[in-house]
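In what follows, a single structure is set out as structure tokens and then discussed.
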């Protein structure tokens, strides 16, 4: 039957990308730069407390290339908290040197394509809850891109029977599973929240794995015939303690 | 027959999105910032008087992500009033700290796909008038996006018989009705007024409902085969009394 | 036969849209603002003399929404005059506060799809000349949008026989005629002059009529299957004597 | 056979479009403006010497509308010379008041669709050499636009047999020949050099001829089914001696 | 079988394009400009040491036209090193005069479409290693563009059998081989790393060869039916010792 699949939804997500205004940064006094770095450090410290309490998660990477310099990924139980984090960053001393570069609003999502086992609602399972409210891995590399399912003529995901979609997604997941340990993935849904239908965030120890998994997956029918992809952003982990060095001029 | 459906049209609508120039805001003196906040507060107070008199409506939310910081939705009986509101905001002290981010011009619209009951013109009914000149709900969350009906090859909304379109829209409305109480919707027409054919504004108590309704509706034939969607903006309500705190630096 | 229709061409046209730099405007001294308003007033006075002499026409509206603040539509016998008007505006004191927002270059156009009556070349008729060199109506509202005729696969305007095109355009004109007195239309051709093939400029006393006519026309085959539309701009008339009030800060 | 046609290639071409920063221009002192105008005059004088020696050509027009204010078209034997001209302009005093608006890199191109006559390589003929290294006409109006040949489904120029393409191009050239004396055309190839496959530069005494020729040609199969067109720029000749007046404020 | 081909991957690649802020450059003092040129010279000197040690490669060209002024192509064993180079440039004195213009992230890639000879893994061969970690030729001209393989309806690269793709690519390579000595090519893969699937970087002694090879290749089925191309950038070599002259004002 052609029907929407039910989804399970977890924390809200904000990808917040910023470009450093290096000219202003270099013009600022040593004291101002210190104040700015401290302000960012304090925000991160506060956010880490939230993560430790299991009330959210976040990660920060340096973007490679000119699309941005920094990518923050924030997860929180409510949209209000995400908005507050964004505003806090804007108001901080560091915020004066950060230009908006891109953002993406979504919510962690799992779909219920497969029937419940033994009548147990999968949403009640601890492992599901852990996936819906994930502590983001602090792996060396991040890759983020948004995607749609195609709706054009003969290639229309939204006019396919649910079990046909389920089968294609199952095949797709088998490709993904080959990368266990090499690539960690968080899927966020953004229909009704941002310009694409889903966001895909990948983490890896080696950036080559991003190319390998996305390339291999592109041959899965669900991608080759039904996938439309947006901009890709890749970054290298920026641990809190490395920020002063990164910003040193 | 392939013919346009008649529409009933109510108040004109302007979605006005602004980005706060946080750098200038922080550079401004305490006195200037107070003057700016007061100027916005006075405009809203004036607008509220209009709403109380039943001569228009408006609502203000904080946009999540970098597409904008604020989204005003204005409804007024004439296009001149909308233009005046926009100009007033531009000229206000607060306007000096607001950068244009996006806007959308349209008019509240209902279509007459269904035959008049007992020969009564539906436009004369009080409930219709209330929907054409709606007082916007002050719900916690807003979602705005523009849309077109597809006109390409075999999938051309504008070459379909009127009753075929009516049937698809009726099925679609049934999906919508499942969200009664959870999602409140205002449809505005913008053919001849702005770049897309319609604007959809949703209000919800929980932003997840935006994803749920738009996702479920995407499987309705009217969307899966005939819907084209633009940018999505989501926001959290910014009540008048919370503005000073939001802008505090 | 697949062949171009002959056109009759009148005055050259420039739609010139500007955004007011409200921040600079407010920072300017009272004397500077007066000088600027005077400079615009003098340009308009000069242009009005040209219009009175039947050597061109123009009209000025305030654009609703953020696409621009002002839309000038200029008609003149030569492209050089249009260029001079644009340059004059750029060099004027007012020009210092006007940011370029959009422009469109075209020429008033009528097509000769219908055979000449009694062997009379329609271009020689006074009513044709009046339509080719029109004095623009000073109606309350303007709507401007560019359009193309589709050239894709089965829907290719440029591979249709001339009489098939003529028939579709004739049907289309009947829809237009229903709006006589409510909507006044100027068609300008821009193939070889700007990015779209035609510009459509509509004038109305009530902006709702823009939506009604464009919506109804979209169901005509010439639009539903062969029309591609660009950005829409709508505005409210700004009479010369209202400019000081509009710009008062 | 589906194969590339051989091309004959002449001078490299750079279309260099600039917007005048009128605000800075007016703020500059009389002496600075004189220095700037002199710097441009000296560059043009130098370039004219090159043209007189038959080592290149160039022309300068004022662009109508807001896409740019000036369009330079430069032709030179090497890409290095084009780069030098662009850099010289950037470094000149005038360059301080010119904002980049658009550019296009290509090379004058003729194709060898027709067989050599009597075994003579057409490239060796003086008339061919003159067309490959043309002295640009100093006609009143310029029109520039880039174009592609379509590659989509059934309409794919690059899968057509060479003689089918040749026939269509020959028909097309007959349309062009009707405009002899009214429109002068320079075709430049840009596959591998810029974003479109070809640049078309037209010169005319009357800008209406741009519309007439491009409109009529659009009904030729080579355009209606295989042409994709980019932005159009039109301009009025700016003779060297008129520059001071044009820039007078 | 429809399956991904295995790839061999070498050094990571960053194309980093910058526009010179000529206005700021001219406003800077002689001493500042000298400091800036020295800072760039020192960076290049450091990078050359890396290249001499076989740990990476880079090349610098002046871009023709307004898309950028400079194009750096960097190759390094890790993404971290690329990020460091970009940051170093941003922090350098020269960086204060360089505006971001474009960038592209990818990795040198060879595909294993052909079976291993005599059971030898081609990746182990010295000639393969040399191609995966190439010292970029310091040829006079560079051409860079990104590309995708088409995925639409009947023309979907990703639903073709592997041997069908292999055959088309083999035919394509034969066209390429005709340009041996005239054009040198580096293919970098960017699926999962940047917005297009591959980057193509060509080097030539004569820029006309870029047009010739890309034009001829466009008639190969792999391009005519399966190639989608992005922006093209061309440039002239800027040897380290010529930088001071290039920047002299």
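Observations on the model:
Think of it as A, B, C, D and E in the order they're written, each chain with its own count starting at 1.
Heads up, the rule we're going with is that contacts are C-beta pairs under 8 Å (C-beta built on N, C-alpha and C of every residue); 3 or more make two chains touch, one makes a residue touch a chain.
Quick caveat: nothing in here was measured; it's all calculated off a predicted structure.
Shared contacts of chain D and chain E, meaning chains that touch the two of them, come down to nothing at all. Between the two copies, chain B and chain D, the C-alpha superposition involves a rotation of 145 degrees in steps of 5. If you average the Cα atoms of chain A and of chain B, the two centres end up 28 Å apart.
Per-chain CA centroids place chain A at a distance of 46 Å from chain D. In chain A, the residues that reach two or more other chains under the touch definition are 153. Arrangement of the chains shown, judged by which pairs touch: one closed cycle in which each chain has exactly two touching partners. In ring order, beginning at chain D and turning toward chain E, the chains are D, E, A, B, C. Listed in rising order, the residues of chain E touching chain A in the complex are 2-4, 7, 9, 12, 14, 16, 79-80, 82-83, 86-87, 90-91, 95-96, 100-105, 107, 151, 153, 156, 158-159, 189-195. Here chain C touches chain B in the complex through residues 19-20, 22-23, 26, 62, 64-67, 141, 143, 145, 153-155, 202, 207-208, 210-216, 218-219, 221, 223-225, 227, 231-232, 234, 236, 246, 249, going by the rule given at the top.
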